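Each of the next two complexes has chain A plus one more chain, namely chain B in the first and chain C in the second.
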Partner chain A sequence: MRTRPCPRALPWLLLVVVGACDVGDHTLDPDAAPIEPTADPRKVGLGGESLVADRPTDIALGDERLRIKPYGALQGEYERVLGAAPAGLAEAASSFGTSPPRSFLEPSVESGALRTAHDLALAGCDAYVADRAADFAGDAADAAAVCDELAAAFWSRPMLPEQRTACLEFAASVVTTAGDAAGWTRVCAAVLSSAGFLTY
Partner chain B sequence: MAGPSTGEIRGKAVCFVFLPGGWHGRFLTADMHAAAGADNLRFGATAGNTARVGASNLYLDAATFGSLTRRANMGVLGIRTTTADHPGAQINMAGFSFAELADCAPRRLAAAMVGQAYDPLAHANACALLGVHRSLGGSQRRSLIRELPADAPMRDLRIQQFSDLGNLLGAAAPVDDPNAAARAAAADDLDAAQRMSQPVLARHARGTTSLAGAYDSAIASLRAEPMQTFTPYEDIAPAYSDIAINGGAVRPADLSGEIFHFATKMAAAEFAIRNCGTKVAVVIDGEIDGRGDPESLDWDTHQGITGGGGAVSLQERMVRRIIPAIEAFTTRMAASGIDVTTVIASEFTRGVDPTDGPGQGLATSSIHGGAAVAAVIGSAFQAGTTAQLSVTGRTQLANPDGYDANWSPLYSLVARGVGLSAAANPFSVTAGRQDHASLLA
Partner chain C sequence: MLLASVALGGGCSGDTISSGTPDPDASPVAPPSELARERCAVRVGIALTGTAPDAELRAAEQPSDLAQLARLMQTDAFRDRFAGFVAAELNDGVSDASDVTYAIVRHVVASGLPWTEVFRGPFLVDEELAVHEDAQGLGYFREPLWLTHYAGSEPEGYMLRMAYRMLNNVLGVTRSIQVADAGAGMAGANVRESDPACRGCHFDEQYGLDRVANLLPQRTSAPAVAPATFSVEVPSAEGEVLFKSATADGLYPDGVLLRGDADLLDTMVESPQFTFHACRVVTTFLYGRAESTAEAAPFDACLDALTASGLITDAVAAIASHPTFCEQD
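Our next item is the complex of A and B:
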């Protein structure tokens, strides 16, 4: 990859020019060697303190990136993936907890909030399955396609093999006949109550 | 809520109430403060506002703890502290040192009360923290919960937090629950969701630890056996209504949604103990979140007892907001058939600010003291005190070497009070030190 150095002679131009600098390709290379926290001279702040000295080095590239979606995000997310906000969503703020005014709290999930999320998922999936009867016309033998479709819709990413296995096994236990709307609703709700949707 | 456990303490529970910031020892040791009158360092205690409990050596502030119906079953402990800074004192009290999991005293007490079959999953509600705990500002206003490191393993803490009444009410299964089938189905749904979540939770554990714990707790709660008796929240809430807060009162309509006001937290504690299998309920007062309840400030105002950092003095705050809820809780639990020990504490008592100069320390300012006092109320206790305080200057125990440092003696006493044997008691007192046994009935 070719890079063009930023101009150094005229620091006052830096702010103008920096936007045009090629700062490199940000695509993650899973095979890249970990960066030694203290070895990078570019990451030194005022006072000569390393800005990355306390950066963990035992985390694989791409790990530890997901966080819990706060209620404010979930309000839009349910509607985005389901097509309509499930009944009760507007009244569920206190279940999930919200940050006080002018402050930030890292979102977390209590068990009760998870159960509220499941209630919302059931309500939303009831309508979701009804509106897509053709997609849910099969029986448990068709679960692979349904699970993949739900993951794509709710998680925006495909299922891993072990996730698909869990989804298939659950579908086999709750979808009893072809077009079993109640059973498919529960499969839908389980996918929607999983970390693939509740985190980002 | 699994089946009976060998060594389980049944029909008993503990409610630990913590008032963060360091309160005035005068509430519980009024005579010692009154006795210091000559040097004008008594925070307003006089013979006129001091109430002796029967013939005991316990003298209480008459308008606050002295007014409680169950004061004849109240013991007051003197506790030696080793630090007077808030985080240190909170950590030293062990019960709320979330960073020190091994010393997380309420959970340890709850586990001991459950007995040998204690399983953090099956007994997820055994130790419950009731209410929202959000604090803003600097270190002087830090909430105990803020001590929790961002990546603390919540799944190992096993303190079930309920910050919303809907969440709490859903954790209890009524007798002959008409929704039993739905609860079982929901447990299966979440079990499947948990399995589908495992790769994500494992790879992103630091940011998703609460979700991982929520699956465990929710599934265990949904699969729990219904309690033998059930008390609807509608029957509990009215007893905690009309308790004053600044600019109004907690009304029945307020007793829904977020568990925010102190009275609501106490009502939630009653519900959890009655219906959720909770052995140890934890209530923490003192929150600041910008929603206009100045009386919810913590107790670290550095004022005298008649000051308060606002329009309402610390004593008035106690009279109007804390004591009525404690009175409702302790009297109702006494009549419930469940033998509940209520513990009320703060991280230390307050001393007189020496910078005020002679004669100015009464109502205007205070500093962190070098000792703490705690009250235990329950049928296992009798009126009395082990607190021998020197209240001049930085309030401290008159004989600090006679007391074990920090809070193990408090929890040890409570464990004895609920009937745990010496072998099952997870807390201890050093031989020869004050064991507070005189407070046991």
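Our next item is the complex of A and C:
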């Protein structure tokens, strides 16, 4: 599966998983120069042809590496970040798709899986927010800290500026009072059902 | 705090391959942050086993170091995922043929055998997909289920589908049908050789399909009969000039003379193209796509490792332990 660069601005990034993209990887070596095909004998075919001629030249080192997590990893992944897998995950295999036995299918995310991922995230975040009431005691004015901590917890990376802006705007629209558990659960679910968590 | 739920630890900057030779092209990597190590543990765990990182991987100072990779590659989860991936890559869908490929790949990996054994090892696969030693075996290329699946419909019994699949599996050769009615499969070998529209792919170009099929068993049953039957005798005593062009450094002179499928496979697996293709399969397993020009360094590490030991697990480790495998801050 080839992933693609992330759009510059994704107002609904936190709600919509758009598929694997290259958030963050671009810092590895952005100035890496393409390596020209050489006469390296390890890269010469039986007929004398270059074996590297078909290599893409427009993918920088570290770019286009994020892949969708397979369904088989989600139980452990939800447990890793939430402490427990959300109810309903065991029945969600058909939404995400699985590899046939003794074979392999690169996971992809279709609209049904997006909906399921968000439903699972809501279920998981309901308990997550309830268990951490002190962390979600504030109102939308405290969204910056919450967004940052959710990204660290679920994505293991900081939000990009545009992602953070989207998180703050979403929190402002759904968190109506201090300690609004339902509102914070929606913010939590938006982060948990995004590409930051569903890719690796 | 929210972060309390995230166990931190592990790293992702392995710096050697199994040969013990540091990659001179690798960029120096600063110590990863705790978040970067957690991301690395997730990437390594899922890429190799298809499952979330276990506690040991997350606690490791460097999740992608050789010790962690070796541990993961000893698990059934890795063997199943890798063998399933290779079976899917080398076949045209899930079938009895892909099951045979899966069984032999898994056996070779679990037994620590050279990767060449997948294609020329003396194996027989039984109905339960258990692999046994059998001197008549030749990787999976003489397995009845595999032969039947790729028997094809060539009217004279030449196994053109098998020829293409072997070239694709061992060397990564790809072909697309260029002639509108080629799929009908009704043209005999004499027509394919005389018709300019056919002759290129079948005789003139490198890896001409008929030249390869001339070294393989023939189907003796009628097309589209199941189960197919085969003659183990090659159609001719010897096939010539499979690899027509000399390479610049003279690795293969014109007019290599080969006798049968075993001779063909020996020639192919000893070529640099075999190693190159194996590393491309490994790259695709680990990246989800083939390598780009900018990713030559980890790919070269794979070539070095596979050339040195012949083990596909060393090829996997070379790429997964490279400092570029995990995302840095």
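The rule is simple: the second predicted complex is superposed on the first by the 155 of 200 C-alpha atoms of A that agree within 3 Å, B and C clash if a C-alpha of one lies under 4 Å from a C-alpha of the other, contacts with A are read in each partner's own complex, and residues count from 1 in each chain.
Following the convention adopted for this analysis, a residue touches a chain if its C-beta (ideal position, glycine included) is under 8 Å from a C-beta of that chain, and two chains touch if they have at least 3 such contacts.
Quick caveat, the model's predicted, so the values are computed rather than measured.
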Looking at the overlay, what does A:160 touch: chain B (first), chain C (second), both, or neither?
first
Who wins on chain A residues touched, chain B or chain C?
C
Identify the partner contact of A:55: answer first if only chain B is touched, second if only chain C is, both if each is, neither if none is.
second
Let me test your reading of the model: by the given contact rule, A:106 touches which partner, first (chain B), second (chain C), both or neither?
both
Just to be sure I read the superposition right, which of the two partners does A:75 touch: chain B = first, chain C = second, or both, or neither?
second
Which superposed partner A:193 touches (first chain B, second chain C, both, neither)
first
Going by the contact rule set out at the top, does A:139 touch chain B (first), chain C (second), both, or neither?
neither
Counting only touches as set out at the top, which of chain B and chain C does A:64 meet: first, second, both, neither?
both
Shared chain A contacts, counted only where both chain B and chain C touch the same residue
62, 64-65, 67, 99-103, 105-106
Partner chain A, residues of chain B touching it in the complex
124, 132, 134, 136, 150, 154, 160-168, 170-171, 185-186, 188-190, 192-201, 203-208, 210-211, 213-218, 221-222, 257-258, 289-291
Contact footprint of chain C on chain A as seen in their complex:
1-3, 20, 24-25, 27-29, 32-36, 39, 41-49, 51-52, 54-62, 64-65, 67, 69-70, 72-77, 79-83, 99-106, 132, 135, 146, 149-150, 152-153, 156-158, 200
So, in the complex, the side of chain A touching chain B is made of residues 62-68, 94-95, 97, 99-103, 105-106, 108-116, 118, 122, 159-160, 162-163, 166-167, 169-170, 173-174, 186-187, 189-191, 193-196, 198-199
For chain C, which residues are in contact with chain A within the complex?
1-3, 5-7, 27, 35-36, 38-39, 42-43, 45-47, 50-53, 58, 80-81, 83-85, 87-89, 94, 98-99, 102-103, 129, 171-172, 206-207, 243-249, 251-252, 268, 271-273, 275-276, 287-296, 300, 303, 307, 324, 327-329
